[in-house]
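Have a look at the structure that comes next, please.
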Amino acid sequence: MRILVANVNTTQSMTDSIAEAARAAASEGTEIVGITPRFGAASCEGNFESYLAAVAVMDAITRYEGDFDAVIQAGYGEHGREGLQELLDVPVVDITEAAASTAMFLGHKYSVVTTLDRTVPLIEDRLKLAGLDARCASVRASGLGVLELETDPERAVKEIVAQAESAVGDNRAEVIVLGCGGMSGLDAQIRERCGVPVVDGVAAAVAVAEGLVRLGLSTSKVRTYAAPRPKKVIGWPLAS
Amino acid sequence: MRILVANVNTTQSMTDSIAEAARAAASEGTEIVGITPRFGAASCEGNFESYLAAVAVMDAITRYEGDFDAVIQAGYGEHGREGLQELLDVPVVDITEAAASTAMFLGHKYSVVTTLDRTVPLIEDRLKLAGLDARCASVRASGLGVLELETDPERAVKEIVAQAESAVGDNRAEVIVLGCGGMSGLDAQIRERCGVPVVDGVAAAVAVAEGLVRLGLSTSKVRTYAAPRPKKVIGWPLAS
Amino acid sequence: MRILVANVNTTQSMTDSIAEAARAAASEGTEIVGITPRFGAASCEGNFESYLAAVAVMDAITRYEGDFDAVIQAGYGEHGREGLQELLDVPVVDITEAAASTAMFLGHKYSVVTTLDRTVPLIEDRLKLAGLDARCASVRASGLGVLELETDPERAVKEIVAQAESAVGDNRAEVIVLGCGGMSGLDAQIRERCGVPVVDGVAAAVAVAEGLVRLGLSTSKVRTYAAPRPKKVIGWPLAS
Amino acid sequence: MRILVANVNTTQSMTDSIAEAARAAASEGTEIVGITPRFGAASCEGNFESYLAAVAVMDAITRYEGDFDAVIQAGYGEHGREGLQELLDVPVVDITEAAASTAMFLGHKYSVVTTLDRTVPLIEDRLKLAGLDARCASVRASGLGVLELETDPERAVKEIVAQAESAVGDNRAEVIVLGCGGMSGLDAQIRERCGVPVVDGVAAAVAVAEGLVRLGLSTSKVRTYAAPRPKKVIGWPLAS
Amino acid sequence: MRILVANVNTTQSMTDSIAEAARAAASEGTEIVGITPRFGAASCEGNFESYLAAVAVMDAITRYEGDFDAVIQAGYGEHGREGLQELLDVPVVDITEAAASTAMFLGHKYSVVTTLDRTVPLIEDRLKLAGLDARCASVRASGLGVLELETDPERAVKEIVAQAESAVGDNRAEVIVLGCGGMSGLDAQIRERCGVPVVDGVAAAVAVAEGLVRLGLSTSKVRTYAAPRPKKVIGWPLAS
Amino acid sequence: MRILVANVNTTQSMTDSIAEAARAAASEGTEIVGITPRFGAASCEGNFESYLAAVAVMDAITRYEGDFDAVIQAGYGEHGREGLQELLDVPVVDITEAAASTAMFLGHKYSVVTTLDRTVPLIEDRLKLAGLDARCASVRASGLGVLELETDPERAVKEIVAQAESAVGDNRAEVIVLGCGGMSGLDAQIRERCGVPVVDGVAAAVAVAEGLVRLGLSTSKVRTYAAPRPKKVIGWPLAS
């Protein structure tokens, strides 16, 4: 099967590392295709950027020429998943939800460790809407911007571990979720240092997407995610 | 003061009727400017269209030349308000929230009557995120599409009244909220037939926006709605 | 329009300062009339005093000779608003709810800073009943009694600022609500020191009440707030 | 031990039947004293009447000459319990809460059957504040006013049974709570006809109060229910 | 009346002290019979042990020869109450629920102080299912294992008091619940040192059970707790 | 990898059909081993039977000789998963949770269709504890007992379809979950007739378990699911 993994920002190196993490998690026979939007911010750290990404990802997926069996939206806490579900017949998996859902099989409560303080409410909102917040002990910020994860991975691990330890000790989390697509690949190191399961959203989403495809399940089209009604839409598809 | 009232779809006649409703609700001295997005769907009835609108409204507001004191996003149950809050220093008022908030001063529970069945979950989600759902008795669909409200206002009133009566009788609502920007102006007729207060979101938003401006209050910039961090954004501002 | 602003305690100087704050917030053409109950406690800092105030405010409003367009109950976290809604046909606005509702337009979460530790649960209960608690980050006590706000305003500001800063830093509030009618007028100073929007309940209630009156909206009479059924009531109206 | 059972309305015959129901439930050695307020409505069916009752019950209990070990507030869904808790050192038991709490030991969900439609929201609010609403399947109105329960007990039983059966069948209740002090004594008949446990609030409150007294437990005085602070209170105690 | 008080572990001395605490709380004329399971763990401090206890208690109660009027399950936060309710026609009272329910009559919020950190989530889960968690301020661990309570009661009191004080000061609890059957008898000492009401679950359950029996109330049999359907069950009753 | 799929009842034919459904869902290279408890009820339709099953499944899994990579507990709405998590180091997946979690990727709300009315509350409780209830539209009973599913599959499909249609139409579900291990294999027929995705818990659990194993994730051992403390346990392991 082929899974498209859509980065939400326009930084190609981040698409590459996300795709690499997805490939590491995929079963034999699963092809991973990394997708980079044509427009948008170099990193998504707020609502303006995230809304832009929502449209940019819809644009990029619509524009993809070729078949695919599932789509992963690889931004943590971002807008847009519902739009893709309307446009596509294949399953759409958001890493925010895949990670939370996976963490809930592993411990009584989980915490998310993300990048900046300002993105915490976005993640909280996404988990609340998804109905996956009841067992979320906390969403904590490491203080690193998205792009700093790439430029200074050592510091990233250190800061994430510090937050993870507070989450386990102070917030009673038993599982840690990495709250940024750009943290993919750091899970093993953090797990080792913290002694609790660490869930990487991209890897979790690959497992969920593969499972849905194997079970022949996809988005319900009876109401919320029915295809858009035929109507005049100015400026879509976006000009090349 | 000057308030920009942004339609979320590209139908100019709807912008006009929304602006008219806003003017009818405004205090003396308040100037209402209707804004129509440059791109997007003729009506917003789902997530794809709503995400497109979120960006189109940000584009239209950013592009507006002139001063203004507040912005009203005049789509009921739509995405995008958070992005505007990041981009602007003046208050941003979403009609979904203004209407709910207003209804809560008038009765123990309120219900929303909207257009299509498929938009009900979007509205429920927006109210949940806004933390204004605890006293929402129900969100009910009249079965009319957004544009049918304009083309067949008589039927619109009839269907909305039918749903409103069920909301009061079966769901124990005491106040009705009109759940579509395109329903602006129908409130008086519906109130008369149902015997309960009827809140039009556009009018409610004007009152809220005027109040905030008079009190000198605007969006907090300490965390969630801080201005976007300086960074490379491809394709923004959107090309003319 | 004329708005009655009812103090909940019997301290005339507090009625005066509340009325002054209301006037400062009112639009041109709005007349503010301060109302002091004929009986009750010099300050409301608990349930016994608050229940007494509920009846005393109903007495004072009923006894008011003259027309009016709306009533503001100017006690933060107090009982009684529902009774007034039954007795009156004009809108009744409680400052607890007006302030919370207003704060929710300004930031992702808000905190209330009130007077004594013992009044915190009363406020929490009022917000819970009003369905306005989902985005309340915390209710915090400054440790000052209601009357100390008047006698030592400098210390009041200092203690409120300290709690506001903890609310923003520790509880992730983005907006501060002043949780006592007696704090009216301190908002500008606190806003300046804290860097976040500060909502004074009396001012917020004036804006809400003016908006409702302008929109022609008032309390729904179909169920909860219908006028009391005709029946024998001993001792009401209260003897002069 | 001696337990004061306070009626919330001024109808002496209702005080008598409440006291009788309390005596029937009491253990040997428990003395029940019925208390009728000096002022207030002939029946409590709304917020205005209930707030008046809150003060009238505080007045009546304060005025009681003699020792007592506990107080029961025998109005279902009424205001006032918190004020009594501040004024007294002995346990105060509200029948709304005692009944709900008792019902929760008997089945997975319970429903309340009360008098008028308009009192339903008051009861819902009291249960929500008490944190006893999570297992409440519904609050349903029989359509009878409080005083009709006395004048037409046969019809009362019939209407209550009809609502109880709907509660069990449609709302999945497994236990019925009688939602009015005036329904005391009807529980046996209703239980027999419905085949589910029926909880009378007055009886339940007697059992709870006796239990608290025997265990030597009373209201915590560390915060919410501490005695009122010493201060000037005009008009209290109320003139004889 | 006769009440069976079932210990959940196989430590006879703990059964004895639980029965003693029950007797101290019982009314004149109530006979308390302590029950020790035939199998299971020496102490219950986790789910494996608790599930074993659920079956062992059902076995022990089923095997009891003689009449009884109520059963108390004397394990705090343990599984099994629902099974007993299906098997028996008399009331079944779990000490977790009895204590929480009792505490809610005494203060605005309560906290539970239990044994080990690992049992905290079990208690939280039981309170959540029981719908008694809304006013629970916290569940805190003293760090002592169940059996240490017996072997080192002095240290137990000291550690419990320390947690109780944090609960009152930091979590805003106004009442403390002793979260282990083995803490029975320590309540007076802790109450004295903390200045807040302290609820022992075994004593509370005795009062609740006596009340239910006196009121002639028992488990509803219409749905959840109906007797098991007749069917083949291998290995039950368990071999002697 | 090898996955043990534990039936919760003692009916071997049901174990066989569950194992068959698991095999149909499994990836190449996954071995499914069906496990039948040595004791317990022929079907689990209540708490007594479910608690017995909890211990019987722990017994059967502990007794299994051979390696395995994950365990699936194949009873819908049953007790016991937490005990297995303590006893094992490999992932434990409950079909109740796997199905709900999977359904949430497919639509805005899901409903569960189960067997008997009396098992509905058990399932509601399990979903509530799992924190997966926020998007559950309803749990509905088909009226068929567990064993009737096998003896009369045609009627089973008909009754399940009827409930599924009500769930979609009346409760606004967009996805149906089959709420009984014994319904495995009926999903395709029901999906075809209802036009919405239908999730079989056993199949979903296989996908989840495979995913966890592939990602190298297992139960957190830091608190709730740590191995039982070493202590005397009478009667365990159970005698052969």
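The first chain written gets the first letter, and so on, giving A, B, C, D, E and F; residue counts start at 1 in each chain.
Throughout what follows, a contact is a pair of C-beta atoms (placed from the backbone, for glycine too) under 8 Å apart; a residue touches a chain by one contact, two chains touch by 3 or more.
Since this is a predicted model, take the numbers as computed values, not measurements.
At the chain D-chain E interface, residue numbers used by both copies make up over half of all numbers present, so the two copies contact each other through mostly the same positions. Counted by residue number, the contact pairs of A-B are over half the same as those of E-F, the matching pair from E-F, A-F or D-E. With centres defined as mean CA coordinates, chain D is found 52 Å away from chain A. Averaged C-alpha coordinates put the centre of chain D at 44 Å from the centre of chain F.
Work out the mean CA point of chain B and of chain C, and you get 28 Å between them.
In chain A, the residues that touch at least two other chains are 108, 120-121, 172, 223-225. Here chain C touches chain D in the complex through residues 10, 38-43, 45-52, 54-56, 58, 79-80, 82-83, 85-87, 117-118, 120-122, 125, 128-129, 145, 223-226, 228-229, 231-236, going by the rule given at the top. Across the interface of their complex, chain D is touched by residues 25, 27, 91, 93, 97-98, 101-102, 104-108, 130-135, 168, 172, 174-175, 195-197, 199, 203-204, 207-208, 210-212, 214-215, 217-220, 222-225 of chain E.
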